[in-house]
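Please read the structure below before turning to the comments.
For clarity, chains are labelled A, B and C in written order, and residue numbers in each chain start from 1.
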Amino acid sequence: METMETMELTPDLFEPLDSAEKNSEFIAAEPRTYLSDAWHRFRKNKLALCGLVFLVIMVILAIVVPMVSPYTYDGMDYSSVNLLPCLEHPMGTDKFGRDILVRVMYGARISLMIGFSSALICLVIGVVYGGFSGYIGGKTDMILMRIVDILYAIPNLLLVILIMLVFGSNVTSIMIGICLTSWIGMARMVRAQVMSLKEQEFALAAYVLGASKSRILFKHLVINCMGSIIVNVTLLVPSAIFTEAFLSFVGIGISAPAASWGTLANEARSLIESSNPIQIIWPILAICLTMLSLNFIGDGVSDAFDPKKK
Amino acid sequence: MLRYTLKRLAVGILTLAALATITFFLMKIIPGSPFGGELAQLSPEVREMLYAQYNLDKSIPEQFLIYLQNAVTGDFGDSMTRKGTAVTTIIARCLPATMKLGLVAFIIAITVGVTLGIVAAFTKRKWVENLVMFVATIGISVPSFLYAMLLMIVFGVILGWLPIIGLKTPLHYIMPAFSLALYPISMITRLVRSSMKEVMKQDYIVLARSKGTPMIKVILGHALKNCLIPVVTYAGPLLAFLITGSFVIESLFSIPGIGSEFVNSVTNRDYTMIMALTILFGSFIIIVNILTDLLVAFIDPRVKLEKKAS
Amino acid sequence: MSLLEIKNLTTSFATEQGKVQAVRGISLSVEQGEIVGIVGESGSGKSQSMYSVMGLLSENGTIESGSILFDGQEISPVQFDGNAAAYEKLMEGIRGNSMSMIFQDPMSFLNPVLTIEKQLVEPLKNHKKMSAAELHQKAVELLTQVGIPSPEERLKQYPHQLSGGMRQRVIIAIALACNPKLIIADEPTTALDVTIQAKIIELIKELKEKTGSGVILITHDLGVVASACSRVYIMYGGKIVETGLADEIYYQPQHPYTSGLLACVNNPEEDTELRPIPGSPPDLIKPPAGCPFVDRCDKAMKICKMKMPPERKLSDTHAVCCWLTEKPASGKEGE
């Protein structure tokens, strides 16, 4: 810059500038699609990324460990009870001689399956129900929303318990119970967004161009509230896992010898004062770290989809 | 305002009726009987007497009508497992403990949560914010039974400072109340912080500052009211949840409350008890929802109550 | 002595992409009782330069250097050397009192959960000792002054119950509350209908006559400036590229950007075509070494790309920064 100051103003400097030397339309940022843009921002969040890595490892372990391990989740072995962690049993064994690693990983299967599948079911029901309600509007909307209001007044744990009374204490009935109440939040959110989006010009434009109603709803409106939908899903997974853990912990969820994380924590409860408290650590560690990862991922996702953070 | 409240109450009663109906018929299709094994040992006469006492000899629709008639007059029948005791008596005995504990936990959750949230939102030290947020994320990642167990081990067993069973003295409240409150504290902290940060970015904060209003007055006079709206929407259902009891915490601390009563009645298939408790929980939620909506309308003048009710 | 005298003000914002140099060393002055226009398109730094003066920059913004002399007092945060609390204390006494701001968007600048009265009396509460009755009395007066009918009722209402034009008037009333010496109006008409626009400009002119305050009118509309301002500053890419009396700017624009802006204004007397300026403003994360307008200028020369032109005084009031005016007499073929 200093040399510029003393630069001599020669006439050739006042020659017209070639248009090729101008860059009149500079592009401030590389064009990215909505999703890759969000992913780009998600990647910058270290905690969320750690959470994602941990979760992926957990899923792989949950699938692989019970398959390759020589032990089963309910195989008792009275010759090796209450073992401390060792080579054959990396997490030790419980009072029936069952391998804790296999049981924790089996629990991971149940807990993660409940978490992810109920979130998925809620996603589908919530989006379709809320989408239709908001898009059609009028009387249909009113009736659909009154139904939602009634369901909303039922405490969700209560409903889960009632469903389990009817269909028995198993994974399916827990999932039905969770799904029956959890889709409501999603449906309300989607309805509210669709209602405001359908008034906007682009929806009218699609209509004028002759797009069918269901196409407008799902290809134009729902896509536009995808950010909120994804954020909502990342909240549903941990809450479903929590619900199951609570129920199993008080003994009305998944029952022994099957093992979810809640059941394992419940079994470990009696061991608080026993000689071998290390057994409690594993299921607790598994559930806490998984929940922590899920919540970090959830935070990362909601930041990534926040339009104001661009 | 009054018209709106009455309208909502009317809808609420309809909702309760629907809830009662669904629960009643669900009870009827549940396999298994409250009299369980003992039934086989009873003579046919006694069995008939028992059936007649609980109207089980009539057809299901008839039973439902009788139940509704009695329920309207406040008679919810006798407990099936504790014969001769009206369920209302049992509820009246259990409810105060649960409500007291719930209210204490609720107050702790709101005060601590809002304070921490504001601290995290305004602190100039980045590490304070990060620490508060990290702890709050752990707070929503760990199931409450784990805190409860941890508190029990540390303060009850190892240090021996606090009693771990029952609810006799104020000291007894500390551990169960905090175990109940930790999750909502974390939730409210996160909510207040993000909502506060969002509000502080709004244009009307700039206008308030342009009047020469000191920052502290801007926060308390302009931002807090706006930031409380999402907190109130969360706190309403939370109150309902807390005063209807957390069965997990009650069962862990052996508190004779409504939550543990519910778990007992589920495991013992005490139908009359389940019915009464379902209706009780349902009414709590309905009332709290109405109060929440009224409070939100009070804080935010843009919310029009009448329109929402129609 | 000028009411406001800004020298070499530089303001930047820290963003994820890098440091945005929004205001790059501007100097301007405002006298008592005059309306000065600052004109430029969005992103030219005109609003941020005035937010800097008010000390209302968002958290990521900093004033890097420069002096701001207001009513004989130095109010630039640079002099406080990191003592943010002392600066804030000084500004709290000035803001809303002797210097106030009228904001752009009447929809978002009023707090939705507070009544009009509460928001209107706030500057009075901050700066004047008045009883509740006096405050109310003054609030009614202010609303009447800005032409809001039935002020008593309006005071009890919330912002969402008022129309856009009405809200803009409330914002003006808030700015006027303490009879400020300087009013900064940041695009006060942009969000409004054309008919209301004219009324608001008339209102600002009237109030200036009555109170004798200095007014800075920030706008992107040269038409608005023509009807209200005595002097004009044209801003582009964080710099002032031309300044002069309104007439000088209108009839003898020297900077190609000013000419371009004038071509965008519809003149009903001459049946000329509206000509938009092609291209977009420069990237202020990597501000150009030369003239910021070079990439969009149809008279651009080689030197424009290399070096920022110096300020050239054409008369006592008219000055411009453009290499065209520096051009040696010999090189005529560029025209």
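Definition applied: contacts are C-beta pairs under 8 Å (C-beta built on N, C-alpha and C of every residue); 3 or more make two chains touch, one makes a residue touch a chain.
Since this is a predicted model, take the numbers as computed values, not measurements.
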A count of C-beta pairs in contact puts on top the pair A-B
Of all chains present, which has the mean Cα position farthest from that of subunit A?
C
Geometric centre: closest chain by C-alpha means:
A
Report the inter-centroid distance (CA atoms only) between subunit B and subunit C in whole Å.
54
Determine the centre-to-centre distance between subunit A and subunit B, using the mean Cα coordinates as centres, and give it in whole Å.
24
Euclidean distance of C-alpha centroids - subunit A vs subunit C, Å
47
Going by the contact rule already set, what residues in subunit B reach two or more other chains?
201
Show which residues of subunit A lie in contact with subunit B when the two form their complex.
146, 149-150, 152-155, 157-158, 161-162, 165-166, 238, 242, 245-246, 249-252, 262, 265, 269, 272-273, 284, 287-288, 291-292, 294-296, 299, 308
Parts of subunit B lying in touch with subunit A, wherever the complex brings them together:
11-12, 14-16, 18-19, 23, 26-27, 29-30, 137-138, 140-143, 145-146, 149, 152-153, 157, 201, 240-241, 244, 247-248, 251, 262-263, 266-267, 269, 274, 277-278, 281-282, 285-286, 289
Which residues of subunit A touch subunit C in the complex?
1, 4, 7, 9, 11-17, 21-26, 28-29
Can you list the subunit B residues touching subunit C in their complex?
201-204, 206-215, 221-222, 225-226, 299-302
Considering only the defined contacts, which subunit C positions touch subunit B in the complex?
54, 56, 58, 88, 91-97, 100-101, 103, 105, 108-114, 119, 122-123, 126-127, 158, 160, 171, 174-175, 177
